[in-house]
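In the two complexes below, chain A is the common chain; its partner is chain B in one and chain C in the other.
Coming up: the complex of A and B.
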């Protein structure tokens, strides 16, 4: 088991942070650090990490990323603008190396939304329950490290019956200007009864050094709340990004989780959804586009703890070069979660003989009156479809591009945010287009 | 159906629970190098086999029992508390049925094994394994004419050492996994089958396994080699007496199919599953693997698993030869407190290889049924195809059905498909069948048999009949 022997600098960073917050926070941080130190990083011997080896990450003596200097920030402004939503009315919070940048952000909050700092949130009575990550020997290790190390957090409280029209955008930028720097972004959304909100989290990077983002997002949906959460991993291809989203849904809560893994050298995206109230509903979709030597891992667990819940997972992967994709989805239906309706689908396209996909659509069912189905396919482009397009006068490359585009587009077109769609399409064209770009207009 | 009727049915005792009292020679419990040497000496084995056993034992000592990944909860076996050798006391092997201990024959009678004349009529050659030493082998003569070797593995070690040495451990190495290593160290008997080039085995080969001695783990080792263009169908069926403590069974089966050969391996497993409180029952930890070593070779596994308290079993195919085909058809049923973690592995190495997986899991009572399967397509396995379908049927609201497929694809020209569904018996199906005059029990039985039809079709006829009955018996009392 890898210990923290190599992470002495993180320990020092933690020691500096340990007593700086309110008591509750200090205690939770200490507990989380103790758990992480006891258990260390997960290894490929741990079943949920079988296909993702963190050895390269654990070899590095990470330290907390520095506060960016003003000159750096000025340089980064263009990058941020490139990814930020164009709509002036949108709320955009920009964190650079884990620090909120007022100049780059648009902090005008819509009515009914409160933005709290981690310290402010720690004073609330709900904080401990909302901040604590359910203990699980394997799954909660990296989130524990985040709990211990997160210096700041975005805590959004959406008041009851508030219906937000514009997305709340959070951009996490890591600048890889110095080597061996880690950041621990933390987001907590509390959607009160019947509130509706959309949160977009974009993870980006700059510079040429490898950085590590170990992020956690917690979504708490009270009765009837609707939350749409976008996660866009668009970091540099030297980056390590380990992310975990935890969502708890109360009665009739509705979660839409859209996940896009495009960037990073190694990206791991854990999504844990608990349907804790009857009638809760979760839609979890994902698209991972891997090329070069990227390793993109999606790990989803949906727990149906109450009856009449429904959940739908739809993930698609396109892998080229020597990229390695992983999809591990699990539907868990507890003993009394009758009338559960649940489906899971993972389709993958391999474009190179060196690319690799591991897919595990899992079902774990302890109730009998349920409808659960899953399916997974891995294959190449359909030869009949290619032939058909060519018979209609399309060049072979164009036909190939066209089909790749169509494969991904079924997910892309459902995204409500235009900037995101545009960005995904651009990446698609750039990565997989052969002999001329994929004709987006076709 | 009334509750009392259901309860009565549920109380139905295990049909095959009885112990035959025969004087037997049993080693004291415990396992160390001396025990292995003693087993080897008893069997009069050559040095290379003893060395191999000791090597396996050394590896086993360093291994941990797999606990974290299988979806199983059980009390681990005390490996030092069981005896590793037990044989009915008989100095020389009997030449004919008359020489066999009449008590043994009675046991077979109760089990309904077609031996002697019955065997001839049934057209089945039985290598009946009673505890760990083969007592009777029938139809040797007929098989000999065809050139087929079908004998206990200890005999094969004596008579065909070069064949055994060549293939033993070639598919399941001595260090493969915890249970396979244990088996390699202490296996006492099992069957050896060799089908020469171009021969179609004239009859279906069958071995009945039976665990009889209290606290005796049974470590069978089966090795089947099919030479070029040969064909063999092998049947394996099991029953075991009723007993309260858990019994361990860790068998290894190795199949080797060379060019154009086909091996069909069918299992009906009906060991004691424990009582309705979950007490007792057999632990069944089996490693079964076939290697399609030659071009266009074909290995087909069919299993009906209704017994055992805990089943841990993944009959696999290594599709090494170009154009080879692997198949896996399974029905696994868990009732009361039974647990099964079973499935297959299909490893595509050769070009144009094909595999089909059809798995049907049925859970009733408090049973936990897990399908765990791996489909791995290596880079060189161009144009490979896999189709997987695993369906689960839940009967009752306290049981579990789990599906854990692992799919690993490393080239672009292959196609892998996986489908699964989980459901309970539909009300309208039940209504329809019942209004045609069937009672509830028969209606369930009919629907379950329909659910399993794809697998039963693959079984040899005698087995198909038995399997249908077994399923009905195993499900008794689980509906209402």
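Coming up: the complex of A and C.
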């Protein structure tokens, strides 16, 4: 296994972790590690990884990030404050290098929500089914590596009929102060019947050393549950981030998945959505904003396994400099999934000759009474619109930036969390604003 | 205000304007009428600086400066405004954001201080009141999903806020019902001063029932073939463009 040759330190880390948990967890970890070791890292020979080469990641002999010193944590407070929701009513859990930091977190949980540690969760009768990633869902063994290595996890159980008004926020901060450090953030949300919750996961970094976050989020939606999941990748320019979200929707479950990839050197975002009950509905949206040599990859697989389901994917990419974007969206409609309504759209803006996008829609339909639409466009800025803006007094560069802002803002303005919108707008203005040409909407 | 001399313009090598002459003084309202394909819209696009057109001959002077040397945004800064025949939709930004950016860009060009959001809103309210157009549309994305009438009203609002020295209105009446036409015309009339000039470009005479021009010019095949006072419009309405075209041919022949 050539791709594993350099990963000896992770094996050592695993050996130290292997027997520290409850039996169920130890067994699941061991099985996961075996699967990862058997197959190793994905390569570009694997179809779902054709456009994303992990060589630069796999050449590093990663080791688990250590617990940060108190002095370091004090320094990180400003970084956390910058990204954390200011809304006092929000619950904010801050993990630094995989360890929950009580003093940086606001742990007041709303009624109806239980926060379990990984050890506590492992004692529950539903744990094994909820923690195990379905074999047929995965496109690599990276989620297995997470299962094996995750020392802690955020496990949120939302009681039946609970309606949460404020988001549950989880900040995963990697502190790249020492080199070659990897973190394995794990989140598991169990939304019981008719529960409604919003979970915001923000991935950030500090320091100038490269770090790797290999994260997994599992969303289990029971009958009629509504979950909105935000993923904001805002890591440093040196970051590697491989992430996989797995969502299972029971009857009439409703998922909204908003994915914002702005940071990281290389980010791969796998989203697997299974509509397992009739009438389930999924909205999966994303914005990826690449510049310099960033590589941003979104891989979505939606499986309609039951009738009357609907799923809508809407992704937009803006790529400048030598950035490389990937969008692969697959819609699978099983034979029994009649009356499926599904649509997929990917629109991209290429701002330089060296920027690149690979977009791949894929439909696999085995039912005969379905509606499936897909479309992808890639282009430059609209010349008519540019001229219109210039005729109103904007210089060419300002007009260009204004249109880029508008293109991204179409997705951002639909986000329900005001503070997140503001934050993303600020990033947009920073990257594409000029002399105050763009003014964030008051 | 505006001095066009012997203007020739081509698009993709095809000659559209073939020696156009026009002089507009301060406070004057001129109207150019003409059949389809005569070059009306080309003239408006050339004046605003669209780069798809090549100027092969002639000159345009705007407020004492060579207009053709200027970039589109510089022309706006100098006080030229084009109301588009087909205003462009810009999803994702509100009309407020758009106009704040535009007004500050123009102010910056004119050496004026930028306005903050509150000052800006005050200007918007004043200007909207003058032209009797509601500001509500500015909360929506620019022109997105607007009806034809809403788009043209929005152009008039932009004009009122940017306060140009010369406004070129390209087929501002096309596709409007009578109520919308009235709103647009009232806005133009409210903006008329002894200093501000207008160039109306239209295919139909009915606009001139609401905006009374000082001069009317008939454009045929890239040249102005006939000029006169407002009574010329009625003559055209009665006899049609064919009358001018024949008239021109007989003169030329």
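Throughout what follows, the second predicted complex is superposed on the first by the 424 of 442 C-alpha atoms of A that agree within 3 Å, B and C clash if a C-alpha of one lies under 4 Å from a C-alpha of the other, contacts with A are read in each partner's own complex, and residues count from 1 in each chain.
Please note the rule applied: a residue touches a chain if its C-beta (ideal position, glycine included) is under 8 Å from a C-beta of that chain, and two chains touch if they have at least 3 such contacts.
This structure is a prediction, so every number in the text was calculated from the model and none was measured.
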*First (chain B), second (chain C), both or neither: which does A:398 touch?*
second
*For A:117, is the partner it touches chain B (first), chain C (second), both, or none of the two (neither)?*
neither
*Could you say whether A:44 touches chain B, chain C, both of them, or neither, answering first, second, both or neither?*
neither
*A:335 contacts which: chain B (first), chain C (second), both, neither?*
first
*After superposition on the shared chain, which partner residues are touched by A:20: those of chain B (first), chain C (second), both, or neither?*
neither
*Given the complex with chain A, which residues does chain C contribute to the contact?*
48-51, 71-73, 75-77, 81-82, 84, 87-88, 90-94, 96-98, 100-106, 108-109, 114, 117, 141, 158, 162
_Quick check: in the complex, which residue numbers of chain B touch chain A?_
68-69, 71, 379, 392, 394-424
*Using the touch definition up top, name the residues of chain A that touch chain C in the complex.*
382, 384-385, 387-396, 398-399, 402-403, 405-410, 413, 435-439, 441-442
*Report the residues of chain A in contact with chain B in the complex, numbered from low to high.*
47, 335-336, 338, 348, 350-380
